[in-house]
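Structure in structure tokens, see below.
Here the chain labels run A, B, C and D in written order, and each chain numbers its own residues starting at 1.
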């Protein structure tokens, strides 16, 4: 790991959205000012994150110690390639989502928009906190804050359905994090006597017996249930009761990716590749993740509610990422890190589209999408691009990451993993292309007159993300070399 | 240097109690200022003691200047843990007194001076318990606290107050008598009453094997377990604390059980010595299992309650299980966790009880169902309540998380996995309990739905908060929760300063 | 319930008896408790250190004077606690409540006259017990209780209001507070004189013709008087409150 | 058997105490419970006092003291021959004073507790018109529904 630079930038990147809550709440009476502040915060965050990029490129590491809260385990930020990558994705997409969210909330005249944007900002700072956290304790703290701060967002509608969704959401997330992660955390603390820092070769490497490593790994991998590994996945479809911007950012990007990110951290930084190799634990995760990939894709096929189908597809894609990392091969890790970004852009586009369709003419079900392309050409085009990306077909970003993932399987010569990828890609195609086909080539039952796109903000947002998805195919940009650096550091 | 800081801490309570009673006879409205003043002085004194202990390690005071031979007179001896206890007691008293000043005229009309007098005497007794190094003097102090708390509980005009107080009297007396009996057994075998002296004699004549000492320990333990409402002996607690006037409950609930736990810890570490407790006694394991039982039982009972305060009382029982179990894990981290949890649990209980009192004050009922829409109606109170709840659940960075952290660490190190599991289960149960409340407070009643509140949040329920005298202590406590959490490593380190020297038998 | 309690009782009893197997024999002068240096010290050194022949008084009021202070406070607490619990009279209205005396028919002349005769004797004896506590069995508590008993006797023989005419509940509480104030005040005085709390020996500059040892003896006397005040009045107050159900009217 | 002879005081107090405990737990009448409580405490007092007994000893008051204590008033500030001038008491001749002192406290505490208990009982009677636990519980249940 490169030389360390002390800087408070990570802290500010984390705080800026937290501070933004104040003006957001104070201007609750005048929506325009309020939303202006959200934008300011979003851009400021993005700017700060971007300003750290060059340092990372030079292979440096940015550190910022906040508070020695437990001996040896302070609240500390450390920005390395991996965290940088994730932070970049999150902060970029926050801008777009804010744009989209404004359009969506106003388009639907949702209630309690102030609360919505305030907790949105809070969730974002928690996300960056996770991205930049330097040790397991900090990670855990921000992880919990994220779970709790997203509860009001998930249950935004405050009706019976929302309550049910919220219950499953918290039951799974809190249950797993308190029940599994906390004891594992303490156990690590004892084992390493008081040093929870992520180190490239694993904080615990060489300290564990096979059984301990096995138990710890399972506790941690399932404990970070935001990663959506089966059988702890069902909070994700449940949480789809949330307004679409929430589903989009939190359940395509922030929350779920936080879960995956945590698991990657555990694999690379806590348990350490060496340990996993030594006791051949990688394959265990490979099988769990592979199972999740296939099953979730199959379930997705059977869903008619668009958002639910997207949710299950998300579960599958998350499992891709975990699988890629658990191959314990350089290319695999590169691929899975890149997939964090690629899938984020692709999936958020899809969610935006789903939301836009709902805003425009209240359609939720795939069976209603016949001939939709004539009404909303932009939306459906974007949808097609997003679908391509998720299935992994050029010219969409998803292809690149999936390429690396498959390459990784070859490298680790785990051919069952290869099968998982290929089969599930086929399944993805199966559950996306019918929609596109129906939208573009089928006759609508009730031919609408002319184009009826949804709120301009929404359209703008989804066009941006779609074009990004295309762009990333031709030029993966920082995501590629960040991922590459990380896998070089680890292996 | 002024060397009467201990007296400065404890005496104001008693003098002020007299003064307040006098005020009651002549000028009742002066009683509050007098009480506040004296609590303030005590707080100052306790902080001075803390500072002294930080520099010198411990503070000793020989009453009547009878220092030689050891134990001839009564000795005060304050080590790091007890100095922290002193500060805790003073702070909690101050906050609950401020709260009481706003509520009392409505709850106990015409009895204000008596309430303040008993309040101060109770506080003084608690301080004395934490200071004294004399086993019998501790009994006297214990009785002072018991009598005053009986009276404070029985003062309520509620229909059930007196009856619950009666059971409280019976149980409390049994507990105290068992303690006294234990002291008698110690005395008949060692011939001394001074804690350090007893410890010395037990080591010197190696009495660890003698049945008398064992039975003495059992008696003292049982007495304290009754006082702290350890599960099978906890029948009196929910009624007593629920039906007591809220001004009383806010003060008694956070402190009484915790102080009894502290006495148990102190008996273990300074009188009997850890290697007697954990090596010579065969049943340390049993106590841990009992603690697990207490935790589970408390959580289950809490699930069944529909009254907020009653639910909190059941949770107290569970938390007592935490502390007893932690203390009996027989390693330093468990003990640290137990002692640390004394402080964090006192803070959480105070926070939640204050909030519950405010809800009761506003709604006139303690039913959980009556909290609908309170996130909008009284945001500040709910925010503080939420913090307290998170601390109970164990969400970082509140103090509840860290006490769980230490306790779990102790449990894992001594291989008590059952205890760890019970701990995690109970925090999950807490999560269920409190999110049930949040749902009621957040969703409101779902029948009429949310659609009346379209657009932005202008036409909402207008905010209707409690008066500042009630709100300020609540907010302060909530802040304290986070503060204890942030400074946990300092506090734990300070606690360990009085635990580490005990590592004689190599028990830890 | 009965069987449960029997089980508990038997178990506890067996436990206690089990412990008593290595107790010293009854009356063994060399049992740990009796041969311990502390109790030895009380017997051998008390004379020199405090010039009080009655060891019990010395230990009570000086060596363990702090316990005794709180004992007194416990008594006081009992008083106000009972008033608080019964809670029928406001504190600031504790003046001597005018109460219709019972009609003379149900008064027994013999009882009344006898009591009238012996009450002063009892009170005199009480004062003796207090004052002579240094040299003979006795002291503040004993004397105080006897004095309180005389008041109670008055209340029983006539009726409550008759006794309350002589000492109203209000005055009783005032005197009780004065008692504690004497005790604690002496303690504070010791601090102001530069000693520890309740270290009477530093009081000798204040007392004429005493050295630090006699000062202890005199200090104890003062303390005992304070105790007597509190105990006697509170005993009476408790009786008055309980017998009248907290109304301080009528009574038995 | 001789154990019983030597230790009869302990047996006596244990029996008394158990009687009290049994009364506290099993009696349903509030006053009887309080009586049991007093018996319980008294037993403990008996135990303590019996600790301090010494065979053939007298009350813990040294008889030599009458005149030296008096003469103190006259020639004070005269150190060295305070109290029993010169000779020290033989501990075996005097009962152990400490338990007596302790029990004085215990007695007072007992009195206070009993008084408070009675007061509370009076209040209960005023509220429920009964001091039988079962009837009170019955009344409480009826008020609940």
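For the reader, a short list of remarks on this structure follows.
Throughout what follows, a residue touches a chain if its C-beta (ideal position, glycine included) is under 8 Å from a C-beta of that chain, and two chains touch if they have at least 3 such contacts.
In this text, all values refer to a predicted model and were calculated from it rather than measured experimentally.
Path length between chain A and chain C in the touching-chain graph (shortest route): 2. Set side by side, the interfaces B-D and C-D show unequal numbers of C-beta pairs in contact, with more at C-D.
Inter-chain centre distance (chain B to chain D, centres taken as mean C-alpha positions): 30 Å. One simple way to say how far apart two chains are is to compare their mean CA positions; for chain C and chain D this gives 14 Å. Averaging Cα coordinates per chain places chain B and chain C 32 Å apart. Remark: chain A and chain D have CA centroids separated by 72 Å (rounded to whole angstrom).
Contact of a single residue of chain A with at least two other chains is seen at no position.
In chain C, the residues that reach two or more other chains under the touch definition are 16, 20-21, 23, 31, 33-35, 38-39, 42, 64, 67, 71, 74, 77-78, 81-82, 85, 87.
Residue positions of chain D touching 2 or more other chains: 21, 51, 98-99, 102, 105, 109, 112, 116, 119-120, 123. Taken as a graph of touching chains, this assembly has some other topology, since it is neither a line, a ring, a star nor fully connected. Pairwise chain contacts present here: A-B, B-C, B-D, C-D [touch as defined].
Contact residues of chain D toward chain C in the complex are 3, 6-11, 14-15, 17-18, 21-22, 25-26, 50-55, 57, 59-66, 68-69, 72-73, 76-79, 82-84, 88-89, 91-92, 94, 96-102, 104-105, 108-109, 111-112, 115-116, 118-120, 122-123, 126. Only residues 4, 7, 11, 14-15, 18, 21-22, 24-26, 28, 61-66, 69, 71-74, 110-111, 113-115, 117-118, 121, 128, 136-137, 140-141, 143-144, 147-148, 150-151, 154-155, 157, 162, 165, 181, 185, 187-193, 210-212, 214-216, 218 of chain B touch chain C when the two sit together in their complex. Listing the residues of chain B that touch chain A in their complex gives 390, 393-397, 402, 404-405, 408-409, 412-413, 420, 424, 427-428, 431, 435, 439, 442-444, 446, 449-451, 453-458, 485-486, 488-489, 493.
Against chain D, the residues of chain B that register as touching in their complex are 136, 139-140, 143, 146-147, 150-151, 154, 159-160, 162-163, 165-166, 169-170, 173-174, 177, 180-181, 184, 187-188, 193.
Contact residues on chain A toward chain B in their complex (touch as defined above): 28-29, 31, 67-71, 75, 109-115, 137, 140-141, 144, 148, 152, 155, 157-160, 162-163, 166-167, 170, 174-175, 178-179, 182-183, 186-187, 189-190.
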